[in-house]
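Encoded as structure tokens, the structure appears first; notes follow it.
All chains are identified by letter, namely A, B, C and D, in their written order; residue positions are counted from 1 within each chain.
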Amino acid sequence: MTQKVKVAITVNGTLYEREVEPRLLLSDFIRHELGLKGTHVGCEHGLCGACTVLIDGHTARSCTLFTVMVDGSDIKTVESLGTMEEMHPIQEAFSEVHALQCGFCTPGFLMTTVEFLEGNPNPTAEEAREAIDGNFCRCTGYENIVEAVQLAAKKMAAH
Amino acid sequence: MKIEGTHVFNGPREDVWDMFYDPNVLASALPGAQKMEMVNEDEFKFDMNVRVGPVSGAFSGELQLENVVKPDSLTLKGGGKGAPGFLNGVGNIKFKEQEDGTTLMEYEGEVNIGGALASVGQRMIDSVAKSMIRTGFETLDKALVARLAAKESGSEVVDFKAPTEAQFAKEVAKDMVKMDNLSAETKLIIYIVPVIAVIILLAVILNSCGA
Amino acid sequence: MAEKYVGKSIKRNEDRRLLTGNSTFIDDINLPGMLHVAIKRSDFAHAKINKIDVEKAKALPGVVAVYTAEDLGDYWRPGPLQVPPPSVIKGAIFNARPLECIAKHKIRFSGEPVAVVVAENRYIAEDALDLIDLDVEILPYVGDLEKTVAPDAPLIHEDLESNLAADVVQEVGSWEKAVAEADVVVKKRLLVNRVAGAALENRGIVVNWDSNLSLLTVWATTQGPIPMRNSIAKYLGLLENQVRLINPAIGGGFGPKIMSSQIDDVVIPWIAMKLKRPVKWIEDRRENFLATTSERDQLHYAEIALKKDGTILGVKDIFYHNTGAYNPYGMTVPLNTQAHTVSNYRVPNFLTEIKMVFTNQMVVTPVRGAGRPQGVFVMERLLDAAADELGMDKAEIRRINLLQPEDFPLRTGIIGQDFVEGVLDSGNYPYALEQTYEKIEYEKFKKEIQPKARAEGKYKGIGITMFTEGTAVGPYEGCKVLVGVTGKVSVVTAYSNQGQGHYTTFAQIAADNLGVKVTDVDVVTGDSGQWSWGVGAFASRGITLVGTAIHNASLKVREKALNLASKLLETPVDELEMEDGVVRVADMPEKFISLGDLAMRSNPTRGTVEPGMEPGLEAASYYGPPHGATGFGCLAMIVDVDPETGKIKIDRLVVTDDCGQPVNPMVVDGQLHGGLQMGIGEAFYENLVYDDYGQLVTASFMDYLFPQATDMPDKFEIIHSQTKSPLNPLGIKGVGEAGAIAPPACMMQAFEDALGLKDMFITESSINPSKLYHYVQKAKSA
Amino acid sequence: MKPAPFDYYAPTSVEEALDKLTELGYSGKVLAGGQSLIPAMNFRMARPTALVDLNKVKELSYIKPTADGGLAIGTMTRDSVVEEDLLVSERFPILVKTIKHIAHKQIRNRGTFGGAIAHADPAAQLPAAVLLLDANLKVLSKSGERWVKAEDFFIGPFMTVLEPEEMLAEVVLPPMAPNTGASYQQVSRQKGGYAQAAVISTVTFDGSDRVKEARVALFSVGESALLANKPNQVLAGQVPTAEAIEEVAAYVAKNECDPGTDIHGTEEYRRNLVHVLVRRALTEAVQQAKK
């Protein structure tokens, strides 16, 4: 008889109450229990950053957390940013300077950028590069992502 | 991986050799051993539950003993298999009497580690292997001192603890005492195992953790 | 006249859905009643299978089925051989040993599949893997590229006489003659390491069998949807149109996703039909390292013969190529190496031999670069060694040997991966060299910057290297272009997209020819249900082959639209113009008809379609080039080395690249950025390493170092050169692999220049701070 | 890569947690930030039968000033909280510098201060930091509390003196002496990656131009984080000349560390790193202290 644990987790403003196996990874909970497929899984050992989400306002790898560990937390995923019709300034910036190609790693970069710009609304290129160092991208060589982070800062300041 | 080294035991060769027959010694140096049974005169099966730091795993394995020349030398062939992977090893051990009455133990072995153990556990192998071998010999030295002292005074051998996982040592000791019916070779192997194979096994399992 | 899109940097059509989490990747596909697969892989590198006990696994609650090779019965068979051997090359030996989807009698590499678990969820499936007992007899491991073909080496395929997989000799002119005339001959033993494609998204497949419709729907991350569809149909005895293969959004490819004979491709469709339930397999990262194909791994014995003045007389290169345990992808990689070794330079005499060998390692198939980086590494290192020998400047020895603009088109005499003799269609190599040389201030660096830095105790060095990129090879690609009743345009191709920007660049070409907004062009890739002809995404061929097909098809549609409009507007075609989504009479703006109306009228419900007219504003087209279009460039870097710690920093990186006419320069730059990142990764971070027993010891990102943002230079300084290809109407060449080719050669040259030690010469394509430190120690003690 | 099943307990108080640990004995394991344990579990290398999750034990997360000018840090305090704490940056700037080298922000946001110490990874920053800063570790069990000096806490790779029924509850850092300079030196193949060798050092002057105490902690070059003795033996009471520092650095590299060879670096290379980094660390610490 597999143990199930009650959790109450708020994701993108909606409270979800579920019974989950203790071993269920947060990334699987978000993707397969809640159907929020924007959060991607790239390595499942906490290094690539594709699964990065915000937990109570702070970035974390959702693949190296058990869902039960974040019971009662407030989680934000890429779906909490803009929509197809109206994108978030960070998303606009990524599109404008071609900071994504296959787009698989992108949601992780976006969430990392959200937290970073809150703490540093006007970053230098060097600061922006360091901020995204914990997210892997195989397509872009990072140059355009660094540029996008800085452009996003300008756009958000203008808002 | 290849392992080799020497260790000087501060005592005569016979005492060193005999020491290996003592289940308490074994107990202190083989944490997690659950059972060790003889398949035939020179083949043995063992189950052990290894747990060190954050990592743990159940392993079962076999050992063969070859060309035992008491109290001089022997060759060990063995392997273990568990969910995290497998291990196969060969080890040669020699005991050399030295003029100053000490005994020089020379060991060299080659161990092939496979599975997740090898593929994601590279980072730590060296420091863990070193640590395990070091603590293994520290234990042995203590054992020998205790035994020699006891021999001197004709008293009981004082029980001693391994530097880590002391709790385990005690539990295993109990199991081991039940093994008096086993042949000398069995016990010999059972002890040599930690020094050559299990030490490496632990090392490898250990080094797999952390990311 | 409306603005043209081709040649312009415009934002991508696909970005919005990717940025908002609205793309559907393989693991995003969930079907009712879907089962999940986990694969039991061998921990052993080389072994005979005695018994595979799956009973305990079957008994685990939640497990639906467990299959081994035995359970597959007659369905089990090696293959398919995805790429045939080059029969056109005289005397070529090729021992075909296609992949065995699941090991039956013996295991040939660690990570090879031995059993498949199907369960209600992935967690349970992985629990069951632990319960499968694999009883084997371990055989000696063979991994060394030279020892594996030694007479006493254990055989990986017992039915062969040796572990030699292939042997191909090609010679232009006479190496003997070159040596006879040479003042100096320089020899080097050069090692090229092994790297992973390491796309951020691992592989995956979802299969649904509809027994009522007899329709098998397959979603897969393959780079070659149609060949994979065909091989699945053949295996399962279905007609092509009974198998619909769909590419979901794919999270990067870089080569390995071209494979379609692995366990997932062959066995999972069979399972879905057998169990009559949807089945999903998602590869995890460790599996990706262990069992998805990877590349490089060659050992070269190379020689170069020159005159005193540095003129090249000849090059000889005998090399071992590791194909791993099987060779399902033919000789694509080593043939690319042969084709790219000397291709920037005038080399009258060239002898090259491939010795492709089997080892107990994962199979080798193309990874971005695909054999090209090896050839370029060998040639550029030989030139550096020769320059040292002759006391020449590294840029100068290249300058005097480069092919000149008037040399093109040039037949190379070397048969390439496309089985035709290489022809360098066009180029201006000296331009690329000089542009780069100027931009990076080569002379200023040597005369001022470097000495000044050295005086301050800093070790800075420069490297400058040339490369070519054979792209856009055949056989062909095709597409269908349709003007719809809404006036929007549909472009459908079976080409596979992994992030290259096709939804935009393909649309740009169609939009220009049909006078519509690029955002009004909808591009479909990789759906055999909508278009079922094509080959696949490899050899940087998408934009050239599919792009040209789209160009031709959209011109046909344009013609159809104009002819119909000419009738309806009672105006001769040459007085009509097509733009802003309408066809109008020139200088009579009020007299027009929209493309949407034309589309509606093109499929009349009464009356008759006149002879010679086809219904619908639709046309298909195919394009197959006689041979590839060859891009080229020059890469230079300035590096800063700390000789005490071996740590490095790339101060500057300048690259001149020529890919003919760029369709979207922003996307071209993106391709270069990504390629450069992989090349830098190969040279200093990434390395797949097997131990002495055939265990892959780098199966996680803890030990396989993925290049990070802070490992890259602050800026990739790109210069565009444009030599249009004469082979296609738009003058396009590919660019997908360009960036990945030269960095190893360039960085090694720069490291040596930085340290300035006479006897220091780096003979491997991948090093790390420790190796660099040891090179320095060795040179100092020499 | 999904973890094997385990029994899960989420106590909300220290008392509850200790009851659980005692009850579970060797089959129990503490789950703190999980940033090392969970990857190991995803690879199925670690298969604990039961986890005691401390994430709901709020009372274990705090940073308190101590009367003597030091700090007390609760075991469940997240690394990034320590990193950004004003009191920490005021009293232990070297600790902030050290924490910034732990992986990347996303990991530091979850990883815990005490978790990293109890995990005792020989390649981890915090065990070396608590050695350097001569910390006192508060260990709790049902039978009460005991205090362990950092230098007695680590006994091998991933091995500490903690018994299964015990938990590390608090880390107490004694105040930094006046006239103290510090330095962090690390060489890793990539930013945020495991160090090939790393050195953290403090140098305290006695008010004059002579060294009162020189402390050097090393990690990633032995069975566990370790303290080098030679620097203080040589430098204490002396004017720290470049020659003296060089002599110390060479000695430590040769005799006071035990790095191994792996796919990323040879023993010889890593001993050389220790030599270089000890020199750089002491030199920088001296300069800082003089400011």
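By our rule, contacts are C-beta pairs under 8 Å (C-beta built on N, C-alpha and C of every residue); 3 or more make two chains touch, one makes a residue touch a chain.
Please read these numbers as outputs of a predicted model, since none were measured by experiment.
Comparing the centres of all chains, each the average of its CA atoms, the largest separation from chain C belongs to B. The central chain here, found by comparing per-chain C-alpha centres with the mean of all protein C-alpha atoms, is C. Averaged C-alpha coordinates give centres for chain A and chain C that are 29 Å from one another. The distance from the centre of chain B to the centre of chain C, with each centre set as the mean of the Cα atoms, comes to 50 Å.
Measuring from the averaged C-alpha position of chain C to that of chain D gives a distance of 44 Å. Chain contacts: chain B has residues 83, 116, 120, 122-123, 211 touching two or more partner chains. Those residues of chain D in touch with two or more other chains are numbered 1-2, 4-5, 35, 39, 43-44, 191-192, 194, 263. Multi-chain contact residues of chain C (touching two or more other chains) are listed as 123, 130, 284-286, 697-698, 700, 702-703, 708, 710. Chain C makes touch with chain D in their complex at residues 122-123, 126-127, 130, 284-286, 644-647, 685, 687, 689, 697-698, 700, 702-703, 705, 708, 710-711, 768-770, 773-774.
On chain B, the positions that touch chain D within their shared complex are 51-57, 83-84, 116-117, 120-128, 130-131, 134-135, 163-164, 167-168, 205-211.
Residues 1-8, 10, 31, 34-35, 38-39, 41-43, 51, 53, 55-56, 80, 103-107, 109-110, 191-192 of chain D touch chain A in their complex. Chain A meets chain D in the complex at residues 2-3, 5, 21-23, 25, 28, 44-46, 49, 52, 55, 58-61, 63-66, 68-71, 112, 115, 130-131, 133-134.
By the touch rule above, chain D contacts chain C in their complex via residues 1-2, 4-5, 43-44, 187, 189-194, 196, 263-266, 268-270, 272-273, 276.
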